[in-house]
Amino acid sequence: MAIITLTTDFGHKDHFIGAIKGTIYKELSDAKIVDISHSISPFNIQECAYILKNSYKAFPEGTIHIVGVDSEPTLENKHIAVQVDGHYFISANNGVISLITNEIKPDKIVEISIPNQAQGSFPVLDVFVQVACHIARGGKLDVVGKEFKALKELKDFAPRVTNDGKTILGNVIYIDNYGNVISNIQKSLFEAYRNGRNFEILARNKKISNIHDKYSDIIDFSKDKSKRKGPGDLLALFNSSGYIELAIYKSDLNTVGGASTLLGLDYRDTITINFL
Amino acid sequence: MAIITLTTDFGHKDHFIGAIKGTIYKELSDAKIVDISHSISPFNIQECAYILKNSYKAFPEGTIHIVGVDSEPTLENKHIAVQVDGHYFISANNGVISLITNEIKPDKIVEISIPNQAQGSFPVLDVFVQVACHIARGGKLDVVGKEFKALKELKDFAPRVTNDGKTILGNVIYIDNYGNVISNIQKSLFEAYRNGRNFEILARNKKISNIHDKYSDIIDFSKDKSKRKGPGDLLALFNSSGYIELAIYKSDLNTVGGASTLLGLDYRDTITINFL
Amino acid sequence: MAIITLTTDFGHKDHFIGAIKGTIYKELSDAKIVDISHSISPFNIQECAYILKNSYKAFPEGTIHIVGVDSEPTLENKHIAVQVDGHYFISANNGVISLITNEIKPDKIVEISIPNQAQGSFPVLDVFVQVACHIARGGKLDVVGKEFKALKELKDFAPRVTNDGKTILGNVIYIDNYGNVISNIQKSLFEAYRNGRNFEILARNKKISNIHDKYSDIIDFSKDKSKRKGPGDLLALFNSSGYIELAIYKSDLNTVGGASTLLGLDYRDTITINFL
């Protein structure tokens, strides 16, 4: 039995998630449902895509991902089911799929059309759950819709490299639970242009001149404890998703603040890397 | 094996939910536990009832719902297990069951009395879990308590219709994750009195003259994009639970605000519908 | 198949939890994963220990607990897997295990060393999940590391009893979802020194002279409703974990406040019990 994942902006209080899970279990008593996140900022498909992009591959092939963000169908955003990279995604055609899977070409896309399709304000329950259960039972996409080509393409911010190859200009694409600031500059891009040069990362009025592989690498254990860097100090990191991230070591966003609040960096803000 | 659902005001941080789930799995290794919500406002049985009322029917018949809000037994609020509408509910007799199931007559109610019943401050763990596991194993209600008649009845706000049939006066009964304001006026009541007349919905100083079936119906796709209504605009909706709801299209309560904050509407406030 | 529990400070929004669950299911399709908490304050191993200490025993013996707080290995805090009290814990050797299991001597501790061990910033995914799956499949600890003796010991605040046996000085060790204030004074200690004497509990400028077994015991049902204590009144409790707790009956931290905000008590603050 395939896994069905849920990624929504429904929050954790309302009845929506309970209704969805009950409906799935009513149809498939041995379903395996996994919550990826229900705390996406309302209607924020960029955030939704970031979270799915960095988690969907962890699941077994054949997993069915319900994308419950901005899911109402409109004349311009039809409901679609997409088979791509060994996984299934069910969403409105609002661009979120193109942000999740980027350059990977979908194997199949169908525009969803099921009998007695409800037209209400809760399509995740009325439509996506039916389609997910159909796929989980081993059903074909052709049965729930007709083939469709016009996948809506949205472009994420892409980092720019200056003509002289001396500078990479990136943007903040996500701020995590610790207030750590994730840029869209990937390690592979950084390394491709670095050519062994020294560099400085500029974010607001801060400058960082090296990038660690894990947070605690900021600590130089050869130094006396009183002279080491540690909690509260700024660092740059190649994070576990392959992006360059700015972090405050052991930050707590709710008390002392994190990199986002301490640097004053928000979604879309610029991060610059100069090779020296 | 029946599903056991959990609806509590325990929040997501403390050890309570972990202890409950561990105890259930210790007793029933193949239990299926579903979280409906742990974010009910503390001791708010109206909110708890709204959420359960709108989700319990999605679950298969025979599902066991543990209601962990205001669950301490007192001389006035005994612990009860109720079989109603094909489902089981375990709660204190604080009125929450009458709010969840309204006019549906319970098939059976027992006042819980189990051997060595703990009398502490965590009855969901000490009592409800035992009863839920008993029912999940196919046990009878009679074994965990003696029949009981005095189900505590609480009345929800009911909408009033004026004698001339020209006005429905309703109240706000819930505010959801998006700040959308749900009234207690059901579509069926509205339609029963409408008789094809035009109408206006009054909420504070706002007036709305039509009701949509889904949020995006606020968009008139025949108009040029720059002239359409869209994000930030107010609308009324027959929502997925059958209530009239006031919403701001694509609102984000944490940033720009939702209908509740923008209209200044809170729980209990009045919403008026005048037929013209 | 053993249960795998997750206790982290990852929050509920980011992709971390989804990635962890997907990876576990990819390796063990019939795994049973239980979230204990993902809302630990960042890097707060005291809080993490309090929550695990009060929930792990509820799970069946053999349960595997992944501790995802302050989990990066350093020269001083290696990754360890510990078998203790019939359970398994996987964590960094940062002291959290000693706070969870206190005086219980571990049966076995290994310093984790697995082939191709990733050295990145997401060791819960890269290392702990592998070890948990190995144990869940019935594997031995010896296979994932070599025996290790130097379990880092942290001491929790311990209550002090004055020489004359007249006073117990305790501290706040946790504040729960309701704002209830949990002290480190256990019922057993209190009873051992009480000797039938009257007492007063002092917390800031408040004095309490009895301790209840459940919250609603504050209500004296023999009194007229208008003269009873009830919502908003302060009480002391032997809570379900055996600690003395100060609570406001039916408090809501987000609206009227709880014991922590109303008494002005925070983590570490002193609570005094004088025997009279």
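Chains: A, B and C, in written order; residue numbering restarts at 1 for each.
In the analysis below, a residue touches a chain if its C-beta (ideal position, glycine included) is under 8 Å from a C-beta of that chain, and two chains touch if they have at least 3 such contacts.
Bear in mind the structure is a predicted one, so any value in this text is a computation, not a measurement.
Undergrad: Based on which chains touch which, give the shortest step count from subunit A to subunit C.
TA: So the least number of steps between the two chains is 1.
Undergrad: Tell me whether subunit A and subunit B, two copies of the same sequence, contact each other through the same residue numbers or different ones, using over half shared as the line for same.
TA: Different, since most residue numbers here occur in only one copy.
Undergrad: For subunit A and subunit B, let me know how many angstrom lie between their CA-based centres, rounded off.
TA: From the centre of subunit A to the centre of subunit B is 31 Å.
Undergrad: Tell me, which residues of subunit A touch at least two other chains?
TA: Touching at least two other chains: 12.
Undergrad: In their complex, what parts of subunit C are in touch with subunit B?
TA: Answer in residue numbers: 3, 5, 7, 12, 32, 34-40, 50-60, 63, 176-178, 213-216, 219, 221, 231, 237, 239-241, 250-255.
Undergrad: For the complex, give me every residue of subunit A touching subunit B.
TA: Going by the criterion above, the answer is residues 9-23, 25-26, 29, 41-44, 70, 72-76, 119-123, 125-126.
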